[in-house]
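Next come two complexes, and both contain subunit A; in the first it sits with subunit B, in the second with subunit C.
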Partner chain A sequence: MDFLNYFGNVFTPYHLMLLFGGTTAGLILGALPGLSPTMAVALVIPFTFHMEPASGLILLGAMYTATVAGGAISAILVNVPGAPANIATALDGHQMARKGRASEALHYCFLSSFVGGIFGIIILIFFTPPLAKLALKFGPTELFWIAILGITVIGTIGNKSVIKGLMAGLFGLAISTIGDNPMLGEQRFVYSEHMESGIHIVVALIGLFALPQILTLLEESGKSKVGTYALSETKWITSLKYNVTRIKALSLGSTIGAIVGIIPGAGGQIAGLVAYDQIKKTSHSPENFGQGEPDGIIAAESANNAMVGPSLVPLLTLSIPGSPTAAVLLGGLLIHGLFPGPDLFTVHAEVIWTFIDSLIVAQVFMVVIGLFLSRHSGWIMKVPPHYMAASILVLAVFGTYSIQSSYSDVLLMGVLGITMYFASKLGFGPAPVVLGVILGPLAEDNFLQGKLIGEAGDGIFDYFFTGTINLTLILATLGSIAYSVYASHKMNKRVMLK
Partner chain B sequence: MNINKSLIKKAAITVASTALLLSVAGASFADYPDRPIGVMVAYNPGGATDFQARIATLASAKEKDGKALSVGQPIYVTNKPGAGGRKGWNWFADKAPSDGYMLAAYNVPHFIAQSIVFDTKYNINNLEPVGNWGADPAVLIVGKDSEFNTATELVAYAKKNPGKVTVSGAGKFVGHHIAHLQLAKAAGVKLTYVPGKGGVGAMKLVKGGQVKAGFNNLSDAARAQGDIKILAVADLERHAFLPDVPTLMELGILVDNSSVNFRGLMVPKGTPANVISHLEKTVPVMFNDKKTLGKMKQTNSPVRIMTRNEVIAMWKERQSALTELLKDLK
Partner chain C sequence: MIKSSAINFKNSELTTAFYSFLVAGLFCFLSFYDTDADIYLFPRIIAVTLLVFSVILLISSFQLSRSYLKNSNSNVKNGLFLKILPGLLIGFIYMTLMDVVGFYTSAFFIFLAFLLLYGKREMTDPKAFIKKVAISIGFVFVLYLLFWQGLHVRTPIGLLL
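Showing the complex of A and B:
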């Protein structure tokens, strides 16, 4: 119960101020497309140079927690996910907003983030040593099968037609191979110097989601019904009462998020999507998803915040980050001479437990500030579409440029976005494309590594098809495909009956 | 009309004062530096090169009794990551201003090896070093439960089992890859190189037992000794962080210091001579700041401060050694 002893350190005026500032800034930065949690944490690290180690980490932890939740704000209100982790939130969240239920959707988002976040930190506090050992078992083959399992989700995410979903996913996988490949040490498909460093995930995210949204808003602004949606204010207590009854969505989301978080390299980016896919598949009324089903938000948001705590497990014990943001956080630890490993919890116990305790308090700040902001969400929904389009465009360009200070990224974002706008007219959705961009390198790099290792050992086939984790993942992949076929068959029958 | 008149007046004043300011800025060009200086880092924020660059430049604006102690202006870091550093360095050699207000961090042997293997816009001839702050040798490591306890045992096993020994490293054409090539050549063995996702990814493969061995940064390996065994250092001398670990040379495996990861600052060719001479004098002083050295020590970052001339010699030596080593790979 070490962690209980250090709560006092969190409740100093200075640390509470850092938590408040970090959370508020994190929610706002997270809501801006392009400023993903990874970027936000990287931006703050230089400031922590001059702070005490514990204070610096408290600020970084608060930013991490809040940006992950903040990305949902723009996903819900303007259909532009703030970060890849929030893609699944946009699918039902924005539909709810369009039906005038924006504040309600935001309530579910923050309440579920809180539940998932606390669950993740409990896992971090109590199960770190055994889970760290488990994390090490995920080598190239295991990660390859995880990527394949993720790809089975593509067909069912955000598209009415499975075939179109798969085609969009394939396009995403294809463009993910552009640029430098670290395994081969070669550049591929670089037809102009702008494509030299490939398609960054966040560039794809902004282009594919934000630009079509801007063009759609401009279309709407010309029509007589000036795009303000009907608004109904829901009291947060009403949302809370409903939210706590959604036990299945909450527990499924939190569990999946925690598992994905522990696996190093899988990236918390897919936690929300996998949870969304699972809740949809196991729902009694899967046809409601994509139309504004609260369970979609609840599962996705509890999952992506449940990922935060466990992604620190392999980081703090083995110096292996569980998510891209955790990787940046590693830099923040090293700068203060805090080297991950067993020493961290003994020699630096005070710093590290204060940090973990502050994560719990940060969750409380996040939910309170988030619910407060939700009350004013109506203001954003009332902005006339042409103003909205202009502001999103500014943010999209600024956000894209700021990722790698690269003008090429802005051009790529523009090209992808305009292509996506026309493709969306033909019924293709952006979510499978982004998922393809995320999973492509995960599958390819790990396959290449596994191939090299397998060839040096007993052969590739042996290496990929033995081991408990590999076989479990292969079975899960087959199960996921079989279930998709079965579920879509069942759904068609139900729709026919209606 | 009144409003308009005052607006025009204001606008005129603004334009005039801006022009005045600009002319002042132009006139004072001789007094380099008169505004903050940027450092371009070709890797992601939070990585080793990034945070070391930030620490190394902490003391740039320090002054005493109104007199600058080192460079004389604050230094900020800007990141242009991508393509293993190629993106940032291409930009730096091709597009960065050569007025001394944009410096870049270099990583040797990475950028030199890349300029040999790939069609890059940079090479040692169009870049000018101004000082070196760190040197991180590659070390040969194995997992904690590995059957190998010395580099000699590992080499003996590799001789009997060609290609069976998998060796991870941070990527292709970086220090770890060079060290692997040198080891294979010097010991006359065939090894299988497995590029990891950066140094962290390569280390994970060793800790998880997915590969038999690996080359990694001395600084990272030194603090991971609970999970790995360090067999040898690929440098000319033993390192202060690991006094008990022999060099490969000592074991009779003739691997020199070609793979050591040197980090420092440079400017593009065409930078005025007075700017280079100012930086050449003040940059090593900045690296030698007491607080900076303390932070470097705290973060386990191995420091090796070198002057411009020492770096020029080191670059040239690396260029010929790497050309020879990479000849067969092209």
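Showing the complex of A and C:
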């Protein structure tokens, strides 16, 4: 029961303040239509750079939890999901708002998010340590294939084009090779003094996620705003009484969310939609769905928050993120010198268990602040896009500069961001690029080490392509590509038939 | 008959594939030309894989079926660049100014410039202008408290702050 030993660390005034600030900011940022949770977490990473590792992770964890739940506010009030994870919530949530039941819908959303979130963290607590022990068996080739699997999974699952997703991951790997060669120390692709020390993970995170978001917000500025619906005076205790009777929706949503979360790369969007689909299929009155059925919100929201904890299981054990936001969190771990694997639960046990325990407290903060915001969230919808763009730009520049007090980092962040904006217009997503940048050094280090060991033994091919774990990882990599090609082909066929 | 949006989509897919091929080709050239094989081994593997994928993308974009094209829309819209151009210019000026006049002063001007250039045009309304100036000052002040006082990040002071 390691997680109980460090529970007290969460209850220091400083950590509680971080949890309060992170949850409030996360809920508001998540609710702002157009701002993704991934970008919000990426923007906060530089602030954590100056904190103790446990404190930094507490802030990031609170933001991650709250942004996913906060996205439901805009989904319900203006029918624009704050994040992809809240697409399913909008289906019935907005219909309820149109019928004058907006507050009630928001209550269901936060209460079921809390139930799902707690369930997800329990999965995280019990599944992570045994899986981390498995990582002890990993040598250089296994770690190389793990990095390739991580990039492949994020690149293929959830991307419209499999090939573009894979290419985006490769672009990320290419960016990670700028700077010193890890074995020989010689510089590569350094064409300017600004590139001498390579590209810092946080510079890439902010550039690739925040700057394209700014330009997208500027595109949207001046467009007519969608009207929001009035918030009624429904008491949250009434909603709570109803919510606890919806055991089927809560348990189905939480279970599906946890399963989807643990699958690398799947993310909250899939969790919410699958849970919504299943509750609708198993309902006695499926015709009510899409018309303002509370079970639709309860299943979707419990699922997308139940995904948060399990999405950290493959991340903390094998460095494979369960969602794009978890990929950003990996960057947060690495800048504090915490590398996923068994060491995390032995050498850094205090830091990591404090972080995991803080996620439970973050759920409590999320439901309390969320229920409060349910009555006052109308103003969030009125923030104009250019105000958000200006704030993100200034924060992105300050955050980037603060990492190494380097003007070069700011310039590199600008170049990466503008390039990513145009690349995203051509169908390349930022998540695989970021993961390529983060996992690139892991892949290259272990590839070169494996090459040396292979040359000294039975040969490189034998060393990389034999062994149960190697073959399992290679098959998983090929399987994820094959599945994504199949899914994409099926979707194209459906579009053509329509 | 194929709709114009479908033609745009095919063009944009071809353009994407073409640019990807160019980038992959450039990366291949930089990895192989006049470089040490040991130092550049990993980038070379990435470059070749990237080139292979870009060729597949190029071929597949030529083969997009008509019925698929009919149901697809291009993501690249006309006039897009004109809308983001002022923002890009402000960003460029920001990065140039921050070292000279100081991070906080430049942040104030850049924030205000965004508020004035985008959204509703209320240049002649003194009340609206004062409101925007006040919001910009408030934002930069919070930033100052957070970074300078809270996190002790020493940004370049420049001529002002």
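Going forward, the second predicted complex is superposed on the first by the 272 of 498 C-alpha atoms of A that agree within 3 Å, B and C clash if a C-alpha of one lies under 4 Å from a C-alpha of the other, contacts with A are read in each partner's own complex, and residues count from 1 in each chain.
Throughout what follows, contacts are C-beta pairs under 8 Å (C-beta built on N, C-alpha and C of every residue); 3 or more make two chains touch, one makes a residue touch a chain.
Keep in mind the model is a prediction, meaning the values are calculated, not measured.
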Just to be sure I read the superposition right, which of the two partners does A:L318 touch: subunit B = first, subunit C = second, or both, or neither? first
Name the contact category of A:E196: first (subunit B only), second (subunit C only), both, or neither. first
In the overlaid three-chain picture, which partner chain does A:L184 touch, first (subunit B) or second (subunit C), both, or neither? both
Considering only touches as defined above, state whether A:G337 meets subunit B (first), subunit C (second), both or neither. first
With both complexes superposed on chain A, which partner does A:V364 reach: first (subunit B), second (subunit C), both or neither? neither
Taking the superposition on A as described, I'd like to know which of subunit B and subunit C A:I214 touches: first, second, both or neither. second
A:L452 contacts which: subunit B (first), subunit C (second), both, neither? first
Go through the superposed model and pick first if A:Q404 touches only subunit B, second if only subunit C, both, or neither. first
Check the residue A:I474 against both partner chains and state whether it touches subunit B (first), subunit C (second), both, or neither. neither
So the subunit A residues that subunit B and subunit C both touch are 184, 405
Okay, in this complex, where on subunit A does subunit C touch? 47, 50, 163-164, 166-167, 170-171, 173-174, 177, 181, 184, 186, 188-189, 214-215, 218-219, 221-222, 384-387, 389-391, 393-395, 397-398, 401-402, 405, 407, 410-411, 414, 418, 421, 425-427, 443-444, 447-448, 451, 492, 495-496, 498
Can you list the subunit A residues touching subunit B in their complex? 41-43, 45-46, 49, 136-140, 179-180, 182-185, 187, 196-198, 264-265, 318-321, 327-332, 334-337, 339, 341-342, 404-406, 445, 449, 452-453, 455-457
Which of the residues in subunit B come into contact with subunit A in the complex? 44-47, 50-51, 54-55, 58, 77-84, 86-87, 90, 117-118, 163-166, 171-173, 177, 192-198, 200-201, 203-205, 207-211, 220, 223-224, 226-227, 295, 298-300
Counting only contacts in the complex, subunit C reaches subunit A at residues 12, 15-16, 19-20, 23-24, 27, 30, 35-36, 38-43, 46-47, 49-50, 53-54, 56-57, 60, 65, 67-68, 71-72, 75-76, 80, 83-84, 87-88, 90-91, 94-95, 98-99, 103, 107, 110-111, 114-115, 117-119, 135, 139-140, 143, 147, 151-156
